[in-house]
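Heads up, there are several structures right after this.
Two complexes come next, and they have one chain in common, subunit A, joined by subunit B in the first and subunit C in the second.
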Partner chain A sequence: MEHRLLEIHDLVKYFPTNAGVVHAVDHVDLAVDAGKTLGVVGESGCGKSTLGRCLLNLIRPTSGQVLFEGQDVLAKKADKKLLKQQMQIIFQDPYSSLDPRKTVFNLIAEPLKINHLCSSKQEMEEKIYRIMETVGLAERLAGSYPHELDGGRRQRIGVARALVMKPKFIVCDEPVSALDVSIQAQILNLMMDIQEELGVAYMFITHDLSVVRHISHSIAVMYLGEVVEQAPKKELFANPKHPYTQALLAAVPVADASRRNRERKLIQGEVTSPIDPKPGCRFYARCPYAEPKCQEPTELRAVGDGHVVRCVRAEEIGS
Partner chain B sequence: MDREETLLKIDDLYVKYRTVDDDVYAVNGVDLELKRGEAVGIVGETGAGKTTLALSILGLLPKGVGEVYRGDIYFKGQDLLNTQEKKMREIRGAQISMIFQDPMTSLNPVFTVGDQIAEVLKLHGTKQYAREQENAPKSDRNENKAGMSREAIDARVDEILELVGIESSRKICYPHQLSGGMKQRIVIAMALACEPDLLIADEPTTALDVTIQSQVLAMIDDIQKRYNTSLIMITHDFGVVAETCDKVAIMYAGEIIEYGTLEQIFDRSLPHHPYTVGLFNSIPDLTSDKPRLEPISGLTPDPAHLPEGCYFSPRCPYCTERCTAAAPSVTQLEEGHIVKCHRFSAESGTEGR
Partner chain C sequence: MAGKAKIKKSRGQIYDIWRAMRSNKLTMACLIFVLFLIFLAVFADVLFNYETDIIAQSIPDRLQPPSALHWFGTDAFGRDYFGRVVYATRITMIIAVLATLGGSVLGILIGSLSAYYGGKIDAAIQRILDVIISIPQILLIICVVTVLGGGVRNLIIAFIFSMTPGFSRVVRSTVMVTRENEYVEAARAVGASDLQIIVSHLLPNSLGPLIVQATMSISLCILSTAGLGYLGLGVAAPQPEWGLMLSEAQEYMRTEVYLILFPGLAIVLSAVAFNLLGDGLRDAMDPRLRGFRRKKRSIFRKRREAVRG
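Moving on, here comes the complex of A and B:
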């Protein structure tokens, strides 16, 4: 039985600038089930981080609705304290997201103190050491400062800080991008173990398709603020419908010697500006299948079980 | 194509950095040979000594801090480590050039990109231009530094910009007016302007998006084949290596612990160094499902305090007494495929996986 934990309805975030309005997140509808992982993939500037921050109200969205267990996160009268405990975030860069003047113990204690979650010092210590064990930080590191630790351990602190609140939902904003592959694998395994054990749901934001494939249950592909395709993991990788998803998949370098002399399918050009985009398909300028009708506004539509795509020619292209 | 010319030969190279506390041993006995037109990928994690190796080829180790204390580097037979700085300047940029990781910081923000490409040409000129000048009568020759006329430089800037896929009209732009992918193309254009014999690319696409990365990689591959340039591709990404390289060297703690052709390294059915196996098991795969990744336990050693014996021994699942006692020597597994591991050395008698 799937239980809807988080629902995003028609979320919009525009940033007004001197040059025009940046459409960072443009009418996004998504949902996350309890204990599952939704992967959000896209290139830099597609609005995936803004989306993650809007969910936690770290950036105030322009309009739209975020429902967490039926409660509106963005409403004025929302129980912010409860939401803060249940919705957490892990940031990308373990080098800049930790206060350099705090010890590991104090870094993990901070969210507990702010939210007055512990009645005694003893209880707090217990909680902190338990969470340090969960994320694989040795107890002797409690007095260390972040600069004494390597990237992998620092990111474990980030995970511990989020987990110590016992959240039901964590936004993971590129949590492994700054790490070496062997450390990345350790953190990914840790996050999957934690999910299995504690039933946390993740929104996993990344640009790395192989990582997203590894960790997610379903995947949404974003391009210039819009979700262009969403499907369960297997379906998306077996049967990508949107030309952008196909291009992304083709572009990933795969560790396979037979790829050395293969014919490359490249998409031309670069991401167009998110400032005041034209109506119609935003991938139009780079799309190899573009035709005049693509310039009309397009909607997400279902093409299979749980598979939605924003492309008028999806059926012809997909096969 | 037998008997190809050896372009670069690195012989038993050791590099250390002096710090206030201890000496940091960044490169510990690297042997590498590169033929003309060949592309070798150097793969390793942070701190494996990949960039230090590249900097020592170019003679760009920080003065008074970084020091080659053993070994030799020969480029076209010339001993680079005993070449005077003045001569090195003529080689750098003209015969050996380097693409740095971060295009955002390797361009000068106050000059237009066209001027920055032109600067390389003013200093070194192109080979083709030098040939033309040699044939020209003496009175027509240009006598400025590298002997290239302004018109010739302009023409070459346009030509090289086109080669890297940027309209020549963009040469009047400043770096901040270009996107990350375009900046990296400019950096590549600068590196290629003088048609170098050897191109060293240090994580050239790490800062770029995947679709842009695949464009840039395709471009490097194409140019490398077209000009028969040798390439050293430094990266942590096996995918990038698979797309651009003929040979692969895996580095760990300043050593090349495995070296072979692309096919030999990527063929999982062949025996490999335990670190190589660990690296492959750590990457999530785009084409097959791995229920769980199998990362290498532990961390890369501190290069100031390297472990005794084999540097990988503290993390190695097959570690025996011999591994902590003595450093392994090079073993050849098959033609062109070498490995530094006790499990494969002759006296052990047991063949590992």
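Moving on, here comes the complex of A and C:
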């Protein structure tokens, strides 16, 4: 029996700017099951980070609802301390997200100290060394400073900081995009091991489909603030319906020789501006299948079991 | 487990800073000299009696060269020059330290308000500061002193007035840069309050430029105090003050060189010591600068070993 951990209802975040209103997150509905991973994919600037930060209340959403185990995260009377412990985030850039003046030990100790989670120094040390072991940081690194470590180790510190309070849900905001490919795999494996062991749920944000392919159970594709397609991983890779998803998949390198010669439909043109978008499909300007009717407002429609897509021509063009 | 953990316990931050400072000989020399100056400033009253040792004249003893009795000789009024140079330290340090303290407190206040509110308030504050900054500092101080009169208290006020804009700017720009760092958001994500973020992230990361600015200000105050004293606008005779002593010694500088030498040395050494100490402190406080030094040395060591091996 799947257990709904997090539900996002109609989440909206607009940034008013001098040039107009940026629709960073536009009426997003998503859900994450306990112990599972939801991949969120989309090109940079489509609002992935904003979405992740809204969930943790690091950015105040314009409107919408976020329910964590049924509790409204954004409500004034929400238990902020408890939610901070149960919902965590791993940042994209392991260079700027760690205070350069703190040692590894102190960086990992910060969440414990702030939330008074340890009754004694000894307990804190034990917790910190245990979590360092979990994320694969040698004990001797406890006194090191972040700049003395490579990107992979730094990101392990980020993982340790997120994990040390034993959260049930972690937003991973492109945690491996700043790393070398060889180290990416290490960190991804670490995160999957942790999930298996501790049963945390992830929202795994990335612009790279090949990364979420390993780690996700289901995938949501975002384009200019909107979710354009969502499906279980296998279904999405086998049966992509939205032209944007298809284009993303076409850009992923494949090892399978029989699929090498498939037709590649790469996207043309520039990203449309997220400022005051027109009604209708936001992919219209770049879509190879665009028709006049695409300029009318679109809705997410179910096209299969757990498979939703925001495209009026989905059935015609799907595979 | 606990015992094992103890051994590998992280080095304390203060200890790391101290160790980095100790490894820099120049900084340590400056630190010792500055501590010596502070010692003299604090205990000048105990070491010397102001009425009988410092300002009481004794014409028969005038213009004696340095000797065992008068280490720095005596001045034109027969006063012990060593006592006067030391006592001048007290006056100069009081002015420099209090003025810098006042300037930095006001600067931190104005600068962080400016950075925090931004927009129109920031713009208004910055324009006012622009006006003050555009006036040459020494001219500004002379104006204030002319209006308020000389004396230690008025000098301090004048220095605070002229230094606050510089401090505000440094604080404002540092805070604006520092708070954009992702680690601030990372701290918020684990539940840190605004106060906790300011105390444990923003302040430590903004302290470097502030320390440099503060020590530079102390040096500047020392120089300006001497300059104003020399011009007769600062500390008034018969109080001892290095610049004033230089101007009094001017008549005798061809024959009694020591009358120029000792106050002159005092001005130069104390100004330089504070400046270098500030640089050293900043380097010691930044783990990235510490690491650079350590790494550089290890490369040389490796090369040496390579050559030998």
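Here is the rule we go by: the second predicted complex is superposed on the first by the 306 of 319 C-alpha atoms of A that agree within 3 Å, B and C clash if a C-alpha of one lies under 4 Å from a C-alpha of the other, contacts with A are read in each partner's own complex, and residues count from 1 in each chain.
Here, a contact is a pair of C-beta atoms (placed from the backbone, for glycine too) under 8 Å apart; a residue touches a chain by one contact, two chains touch by 3 or more.
Computed from a prediction, not measured in an experiment: that's the story for all the values here.
By the touch criterion defined above, A:Phe105 reaches subunit C but does not reach subunit B. Residue contacts after overlaying the shared chain place A:Gln85 against subunit C, while subunit B stays out of touching range.
When the two complexes are overlaid on their common chain A, residue A:Thr17 makes contact with neither subunit B nor subunit C. In the superposed pair of complexes, A:Tyr145 makes contact with subunit C only, with no contact to subunit B.
In the superposition on chain A, contact of A:Asn115 is made with subunit C only, not with subunit B. Annotation: subunit A has no residue touching subunit B in one complex and subunit C in the other.
Considering their complex, residues 53, 56, 58, 80-81, 84-85, 88-89, 91, 93, 96-106, 110-111, 114-115, 122, 125-126, 129, 139-140, 142-143, 145, 147-148, 158, 161, 165 of subunit A touch subunit C. Residues 1-2, 4-6, 8-11, 13, 181-183, 185-192, 196, 200-201, 204-205, 285-288, 291 of subunit C are the ones that touch subunit A when the two sit in their complex. Within the complex formed with subunit A, the subunit B residues making contact are 45-46, 179-182, 209-215, 217-218, 236-246, 262-263, 265-267, 278-287, 290, 292-296, 299-300. If you check the complex, the residues on subunit A that touch subunit B are 43-44, 150-152, 180-186, 188-189, 192, 207, 209-211, 213-215, 237, 247-257, 259-260, 264, 266-268, 270-271.
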